[in-house]
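Listed below are the structures to be examined.
In the two complexes that follow, chain A is the common piece, with chain B as its partner first and chain C second.
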Partner chain A sequence: MFLKKYISEVFGAVRSLLKGMRLTGYYFTHHKEIITQQYPDNKEEMRLPDRFRGEVVMLHDEKNEHACTGCTACELACPNGTIKIITKFDITPEGKKKKALDTFIYHLELCTMCNLCIEACPTDAIKMAQNFEHSVYDRSKLTKKLNKPGSKIREGVE
Partner chain B sequence: MLSIENITHSIDVWLNRTFSPTVAVLLESLIVGLCVIGLFALLGLVLVLMERKVSAYMQIRLGPNRVGPGGSLQTVADTLKLAMKEGLTPDGADKFLFNLAPFLVIVVAMMILAPVAFAKGTQIWDINIGVLYITAISSLSVIGILMAGWASNNKYSLLGAMRSGAQIVSYELSAGISVISIVVLTGSLRISDIIASQQDGWWLFKGHVPAVISFIIFIIAVTAETNRAPFDLAEAESELTAGFHTEYSGMKFALFFLAEYVNIFIVCAIAATLYLGGWMPLHIGHWAGFNGVMDYIPSSLWFIGKTFFLIFMIMWFRWTFPRLRIDQLLNLEWKYLLPLSMVNLLLTALIAIERWHF
Partner chain C sequence: MIEEVGTTEQGDLVINVGPQHPSTHGVLHLVITLNGETIKKVEPHLGYIHRSIEKMCESLSYRQFIYVTSRMDYLSSHINNHGCALCVEKGMQIEVPARAKVIRVLMDELTRLASHQLWWGAMAMDVGALTPFFHAFRERETINDIMEETCGARLTMNYMVPGGVMADIHPNFQKRVKEFLQFFRTKIDEYDELVTGNIIFCSRMKGIGYLSPESAVSYGCTGPTARGSGISCDIRKLYPYEVYGELQFDEVTVAEGDCFARYMVRMQEMRQSLSIIEQLIDNIPEGEFQAKTKAVLKLPKGEFYSRVETARGEFGVYIISEGATTPYRIKFRSPGFSNLSALDHMARGHKIGDLVAIMGTLDLVIPDIDR
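This part shows the complex of A and B:
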């Protein structure tokens, strides 16, 4: 019984090692699998993976409208205080006061691209963009206002 | 026909005609020494580049591709960088041993090169105990590693060196037993005899299953002896920064690095000599036609081809397998490889006595 276990262990080990070697051998012979991006040279045709996370942006449509209700769910979800939302009160046509977004402040220098704010957003107003060339000469340029000037909330988004 | 054998012979004749025999021998030693140093430098450059490219392709990367055409001058640039760096000696180090260790390691690597047959009639020193000489000298390199680890006055270096000691002492056993199984089949320790005995086929094919098993055990054992992944416990970047050469810099580090790659070449050359016929072309029994065609390929190309094939195999292991823990490493040797190689040696002896091999 002991001998059988010993021999089967040896064979199992050899088989699993060969399995690994088959994969690396496949990669060695199939150069089209290479995923390296030769970055500054291929700036034009570079394609990043879909789930690459560069920075948080707010989506605006052609009428300069966004979907942010100013609910601050993203601010609460952020683990390191990257997002600060300043709200205001709009007067609706019916004369009621309604909470709305005034300024969406995003501190890129604090952001870890963890994606928690995007998951927290109930209206999909923000998303992760693929832009990663963030270097600037002045730190204050990294503090960004995400809602465009003059933008307002899209009709029907609650 | 132009061959290395003829060139060396004509140089020998010319030297003996021009100078007295003593001066001729001294000059020949000098030439051989220079050739070995040149070979070392070339091997270092080629093998490091090969390793970086092979590892890159196995990890779906591109590898060095900026310096020179296709990155081929990358290792030259690296060597220049290392040559210009300062060779620091730490304050608390044992200065003499610390500076001696890299040279000891490289000298050991040079000494093993002596009985290796590079091509037909191209051998520095064809002693009658060639295989014994190789196994004896190769176990000396652990002294250089222990020296480096001990003299560095650094806990990582010491840990790495001690691990390396335990590892090399263990794996010498199965490497030695694997070598013995070929000696048993050949009946000679002389390298040229071993190659000549493979005239009608390589031992890997002639020796049935035991030869294959001992070949595999030999490759595993020498991978461990050269301190390469999956047995790179002596360096273990993730645990011990760089193991026994943590404190080394500049050319002293480069010597360790060079010795590692030269050792790979040497052990692969020995494996090729013992199991794949060294410079002997692929001959099958007495098929005169086939053997004649194979003889057209120069013997040096056969040797280099086989050696680089084995080097590629060892690189393939390195970039596929994860590192073993120290207890797993010693278990593998003492519980699996050693019993297996002992039983295998008995089988080989039986084959040799009964003349069952082809």
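This part shows the complex of A and C:
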């Protein structure tokens, strides 16, 4: 009785090992597709999803105009102090003073890509871009100015 | 009292495992006292990845603090965010739209699946099988791609906001999740074939690291660790939140209390998660994905607590509010900390090789323990 149990245990053990080996053997002989991405060889055809959060960018149209009013809603929404907005006062044709964006400073090295600034922006002036290759040799290069030189606010954006 | 490394007066050997040891998970430092090869005592040392998240949250507003909790249990970050959002909604009495509730549960279960898949691969690697790791990561990758498409990130999603979710689901979401369900149904059987019945794996697991139901309760273990000892502690069943009360799923409990029982609980939970996703994926109600909330959230004066079931156990958020825009005090009850405290109890009397197997079944995530 003991011998019978012993032998059946041995055979059960061997069968369990062979079962796993069968699966491993199957995948060894059926390597039809490559599952991993062949980065960076596939850089040209690699497409990231539209919502992928790579970095914050400010949208400019062809006339070099943006939609940022300098309201600092994104600056207040950011949990890490990633965004710093410097405003100035423009003189309107009517001779009134109007608050406007001077410099939009973005510290990429502090950013955690939480998307809260994009959610907070009332005029959709900023969005997340898909670029994820941020390595530079000097960390000061990670502090960026998002509004392009000479850009101004689009007509009609309040 | 932490003993110094070396030999004690009784002739026991005291050695360090970690903090940077390849067989441990993350920066876990264990000081173990050995008599020959038998473990006499295990002392976990914490603090290597302490970031004082609770204190940090006190200076962040109720919208901002949610993203920090992704950095605690990064494998079920979505469920952590969910717990925080629930607590803020409780305090503000925000009614979450039905669509957002279903999306949240769907994302929770996908996260749980991804977390258990990683655990399965890492667990098998701990006991010496390398192949399962690659199998697990192949399936996990499809979940991560789904997450990336809808939430915008793969691991630290920050998709939850008080009042709903940040964005509506991607148009491809339902199609891709259905494809994944079909794909994973066959793969989970392969998991069983590859590892569960394997004689080497079974003999490393069965009868190792016994945790009695009494000690599971007294150590405060939750999640699959306690359910492997036969304790019913699934928050989704006991205190249903969102739409869990209306769903058909079983709470998995296995009575044996050893490593293999904890393993089986998680394997069964993966199947339960699949069935939850199957029930919901075609029944996402139409409507808003986010409730209208004020720009600045101010919780009324008082104390609020909410809890969710993460992949590791019960995650609780306790907020004390003084009526300001930031919380006065936040306490997170993380499942990993309590589960780790039972390690000494489980490992005593076993061989040093079994310690790694026991740690594997606890599914430790160190940032969750240290916070």
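Definition applied: the second predicted complex is superposed on the first by the 122 of 158 C-alpha atoms of A that agree within 3 Å, B and C clash if a C-alpha of one lies under 4 Å from a C-alpha of the other, contacts with A are read in each partner's own complex, and residues count from 1 in each chain.
The rule is short, and it goes like this: a residue touches a chain if its C-beta (ideal position, glycine included) is under 8 Å from a C-beta of that chain, and two chains touch if they have at least 3 such contacts.
Bear in mind that the values here come from a model prediction, so they are computed numbers and not experimental data.
When the two complexes are overlaid on their common chain A, residue A:R139 makes contact with neither chain B nor chain C.
In the superposed model, A:F28 lies in contact with chain B only, and not with chain C. With both structures placed on the common chain, the touch criterion links A:Q38 to chain B but leaves chain C unconnected. With both structures placed on the common chain, the touch criterion links A:G20 to chain B and to chain C.
By the touch criterion defined above, A:K63 reaches neither chain B nor chain C.
When the two structures are aligned on the shared chain, A:K4 is found in touch with neither chain B nor chain C. In the superposition on chain A, contact of A:P49 is made with chain C only, not with chain B.
Measured by the number of chain A residues touched, the leading partner among chain B and chain C is C. Overlaid on A, the two complexes show chain B and chain C touching the same residues of chain A, namely 17, 20, 23-24, 35. Per the touch definition, chain A reaches chain B in the complex via residues 10, 17, 20-21, 23-25, 27-28, 31, 33-36, 38.
Those residues of chain C whose C-beta lies close enough to touch chain A in the complex are 60, 63-65, 67-68, 131, 138, 141, 148-153, 156, 158, 161, 166-167, 170, 190, 193-195, 197-200, 202. Residues 12-13, 16-17, 19-20, 23-24, 35, 48-49, 51-53, 77-79, 112-116, 119, 128 of chain A are the ones touching chain C in the complex. For chain B in complex with chain A, the residues that touch the partner chain are 54, 57-62, 316-317, 319-321, 336.
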